[in-house]
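The two complexes that follow have subunit A in common; it is paired with subunit B in the first and with subunit C in the second.
The block that comes next holds the complex of A and B.
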């Protein structure tokens, strides 16, 4: 029975996707509404069943390929880690697909069915990614989520920007896929096995150089999928997709696949110390860079995208220093509050006629109260304010980094992470005050916005509640209380042992400073005349002049951040332009003269010779007969001549 | 020289061959110089029968009946060929009254 559970978990979404792909465009919309989210809900129920019955195991169903030593079984591994991921994927996924029932309501029927088809494909691929019991199926799932991400970013395929963004995401992800495949090759070359269990059993006996190589190659895959530096530029552009997609794929689940990968391959990274340190460093740098860019973005979804990249940076720090369960706790927390933020932002965008520029919002607090409260909950969780879930998970990571004695990278990572936490407070505050506080902007597209329908509000409120109370499953950030996530994941990823005597002080300090910066953003982004009179007003008089004083004071820094540290320009100059140049010059000097020349030369030759010979085909039957007979006579004479000679 | 006996008459084989060659040449010249398609078909028949005569002659001369069998075969095929050729001609005549094969030169290059 328990062997059937993983198949059922995978089965519902893929059956839903096939039904929607096959018949969806001519179904009545009600049926699409039932099948699309329903498949994910059913899958969620099966995951819950597996959770309550503790149906763990490595189930081999059949042999996929057998060729010499290359033996790939079709096996699914349902352990504590993959079950944890399945809970996040199907749980948050079910809420978000339900939300999408309302959000995508404006689409016509075929697009509506197409959307849910892609979503179900995504959920299936993501579940395959986490349930796979060997590297081959891991790559299948890995590529599957890349594909569905591409399809959903390019969902509005009539917009050129969406198509370009989808292509960019796909190309960047393929760079990562190549890393994954090469990493699998290296491991296979070393141990001649493809299943996790066999590979991990053989790892202690292997040459460390090869392991480092494999670990770095998998890291390429992880940073491409998780949008970490330097393969991060696709994520902000991916916001071209519909908002539920941003919530599910580009915040809650797919982009955290890199974290899952490092956690899943922890026996490898525990041995490959350089690659392991690189994970933490890349995560820390990405967290800081993304948070600083988020300060100047004006598109609300792009701010959230950069904050996603920044929060995944934290998770990379945590897996990079070996605090795996802290990383997965933050993954869970982030899935809650970032999906919440994206969905509330989706409600706002919906109410604002699809305008995503925060500068033209303002004053939504009074008009969209439930959405505003939800967004505030998400924001406070993102900043890491007690008692919201973000506090417990983020402080757990920072505390683990601070106290990971003997690991020099961890201390730097803590420093950068601390700085990032402060920036997070500021940009989140900016987003909140700009969009929801003050007076409505004069340029606002809708003067009297309407709150979202109930189908969009209920999932948001559920996530708001989860973001508020979800943190209490593990409160070890303050050195006390329950540690359910640690306990649950211990069989899969082990326990991170680090005593942190300063945990309480550090955690509270970070939180207070971040919260202070959240409030400070008020002074910068709520115009003087619109402020609530009081303490902050008096503080404001001693603060710098308005508006946007810092950008005026540091124009170069502002420009640097607005251009996203010129990563796109750099890639354009290093990869895109040279390839364009190569293509143009290649066409001019090779394709046209050599390839096309030789082909059309042959064609011209045939045509000319045919033209030259066509006069013999004059259509006069008797002349053909004459030539034929003349030829026969000549042949006869030749025969006689030869006979007389011989 | 071997004779060929028909009833009580003995005749040298070369006479038959000379006759066949003459018939063949007459047919060939007819094809080349006449323009009426029907006459051309008759000339083709003439050439075919010249060949048949050759086959039969050699068959008698060599005392081997295969040549005669072959001539029978050839007569059958000639009949079939005449049917097809006449059929095509009748079809063309229904469309337009052709008196000169040179008018049928649409397939020139």
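The block that comes next holds the complex of A and C.
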């Protein structure tokens, strides 16, 4: 029975996707509404069943390939880590697909079915990614989520920007796939195995150089999928997709696959210490860079995209220093609050007639109360304010980094993480005050917005509740209370032990400073005349009332951040344009004259001189063939002659 | 039974050519179906546990020269024989009924099928050569008479000149092989069992290698391909691109490596062919990036895919070579589907210019969905068939030299760029294409269905194909 559970978990979404792809666009919409999210809900129920019955194991279904030592079974591994991931994927996924029933309501029937088909393909691929029991099927799932991401980013295919963004995401993810493929090769030639169990058993006996190489190659895959520097440029553009997609794929689940990968391969990274340190450093730098870019973005979804990149940076820091369960706790927390933020932002965007520019919102607090409260809950969780879930998980990561004594990288990572936490407070505050506070902007597209329908509100409220109380499953950031996540994941990723008495004090300080910056943003982004009278007014007198005072003072910094550190321009100049140039010039100067020209000169001559079919009669071809035949016969005779002599 | 596999389409083809045009298509389809049935039956009766050739048919043929009529089927050829029969059947079914000279066209397709089947079945070098030439003759005529575009004659002539040069080099090679072995036999197993003097092997290697490389075509012998593919009528192109290129790759596995393994294994020479394979992968992909004509783009993508096959074959280990054979089948499944789709798009819109195509998806959702699947298979999406082949050829290449695998992996990154440009450019766009374009018809979808099924099937269970390929690979150090 338990061998059937992983197949059932995978089966519901894929069957849903096939049904929707085959007939869905001719179905009545009600059926699409049932099948699309229903498949995910059913899968969630099976995951819950597996959770309660503790059906763990490594199940082999068929032999995928065997060629000499290259022997890959089709096996699925249901352990604590994959079950944890399955809970997040199907749980949050079910809420988001339900939300999408309302959000995508404006689309016509074929697009509506197409959307849920893609979503189900995504859920299937993501589940395959986490359930795979060997490296090859990991890559299959890995590429599958890349594909669904591509499809969903390009969902509005009549927008050229969406089409380009989709292709960009796909190609960048393929770069990551290639890294994973080559990493698998390195491991295979080291240990001659491809299943997790066999590879991890053999790892301690291996040469560390090759393991470092493999770990770095897998890291390429991880940073491409998780949008870490330098393969991050696709994620902000991915916001071209519908908002539920941003919530599910580009915030809650897919982009955390890199974190899952490092956690899954922890026996490898525990040995490959340089690659492991690189994970933490890349995470820390990405967190800081993304948070600083988020300060200047004006598109509400792009701010959330950069904040996603930044929060995943935290998770990379955690897995990079070996605090795996802290990373997965933050992954869970992030899935709650970032899905919440995206979906509340989706409600706002819906109410604002699909305008995503925060500068034209303003004053939504009074008009969209439930959505505003949800967004505030998400914001506070993102900033890391006690008691919201983000506080417990983020402080756990920062505390672990600060306490990890023997690890020189961890301290730097903590420092950068601390700075990032402050920036997070500021940009989140900016987003909140700009969009929801003050007076409605004169440029606002809709003067009297309507609150979202119930099907969109209920999932948001569920996530708001989870973001509020979800943190109480593990409160070790304060050094006391339950530690359910640690306990649950201990069999899969071990326990991270590091204690430092100052960590607690620093954690509280971080939170207070971040919260203060959240409030400070009020002074910057709510015009003086619209502020609440009283204490803030007096504080405002000593501050500047210009909306963007810091940027006025540092225009170059502002530009640098608005241009996202010029990564896009760099890649365009280094890869995209030279490639096209090479292709065009290569064809003009090599392929046409040399490769094609080698015999076509003769052909052209024949055709030009003869024209039409008459070339057959004029004898040129016959002569040509004759010469060749004669040459062949001569060569043959020569060979006979040589052989008879020898 | 093996004789029937090539004799049936030959006889059928000749009869179809003589009958009135209106019977041509259904009779041709019937013959093609019969050939497919025979091939599938052979695979069904094939014993996966046994080594060596099965269903062997052997009798003296030219007794004065000691040449046998010798046919056999092994774990490699069995799949290619099926592929040949399947793709040829699809080609016949894709032939428009109102085509000029449809009877002769279908007949020639069947004759070509017979020739290709013979190439895959022959176990005697001279017999192989005869079939090799026999499959070219119908191909010449199909390209000459039914060629499309501005310069069909030019394209056909170029193809003739290239392949004829190759064939003649091979003829010299066959004579040389016969002479140097002392004129006793030309049966492949005997030849492989008694390798020639290394210096002679070296000379003969190049004669055969060039002949096969032109046919594949491997870089830099691909000069004939773009023009020939662009001017070829699509039903012919399906069989031409889908199967005929594989005869060259198959010959490399069957003849070049067993008979002339000394140059292949000799110091740096073992790197030459793989490097050509890698160059083909990257160059084909680059050229595909530069194309505006979608048919030409697909043609160049084919050059890139064939590079993987060459790389796998000359990785000289079982993984790479099994991957190469898988890739032959995969390419034979994907390329016909791509060319058919491109052709149907051209029929509907009247253009093949990438820049002139836009917004087709809203007008033809089914075609768009199928095109997407085929695009994904072509760019090697993990889970579909091409991924298995590419993964294994790269793994094999890594076993030979990691640098080769890394360089070849660049092709994996370029593939989505050109394939998605093609797909997105034609299917998506700010504006929808003009109304009145007919979506994929049921008949057309039915033609693609077996190909789509194979794309998924091979991706999920490739071991079904590779488990019989036991004869491949030079033993590896670690096995």
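The rule is short, and it goes like this: the second predicted complex is superposed on the first by the 585 of 646 C-alpha atoms of A that agree within 3 Å, B and C clash if a C-alpha of one lies under 4 Å from a C-alpha of the other, contacts with A are read in each partner's own complex, and residues count from 1 in each chain.
The rule we apply is simple: a residue touches a chain if its C-beta (ideal position, glycine included) is under 8 Å from a C-beta of that chain, and two chains touch if they have at least 3 such contacts.
Not measured: the values here are computed from a predicted model.
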First (subunit B), second (subunit C), both or neither touched by A:480: neither
First, second, both or neither for A:570, with subunit B first and subunit C second: neither
Which superposed partner A:469 touches (first subunit B, second subunit C, both, neither): neither
First, second, both or neither for A:446, with subunit B first and subunit C second: neither
Which of subunit B and subunit C A:559 touches, first, second, both or neither: neither
Partner chain in contact with A:7 - subunit B first, subunit C second, else both or neither: neither
First, second, both or neither for A:512, with subunit B first and subunit C second: neither
Broader residue contact with subunit A after superposition on the shared chain, subunit B or subunit C: C
Shared subunit A surface residues [contacts with subunit B and with subunit C]: 613, 615, 621, 625, 629
Residue ranges of subunit C touching subunit A (in the complex, touch as defined): 151, 153-154, 157-158, 161-162, 164-165, 168-169, 171-172, 175-176, 179-180, 182, 220, 222-224, 226-227, 283, 286-287, 289-290, 317-319, 322-323, 359, 361, 365, 369, 376, 381-383, 387-388, 391-392, 394-395, 398-399, 402, 405-406, 409, 412-414, 416-417, 420-421, 424, 427-432, 460-463, 466-467, 473, 476, 478-479
Contact set on subunit A toward subunit B in their complex: 613-622, 625-626, 629
Subunit A contact footprint on subunit B (complex, rising order): 28, 31-33, 35, 101-102, 104-109
Sites on subunit A touched by subunit C in the complex: 21, 25, 62-70, 74, 110, 136, 139-140, 142-144, 147, 154, 157-160, 163, 166-167, 170-171, 174-175, 177-178, 181-182, 185, 188-189, 192, 579-580, 582-584, 586-587, 591, 594-600, 602-604, 606-607, 612-613, 615, 621, 624-625, 628-629, 631-632, 635-636, 639-640, 642-643
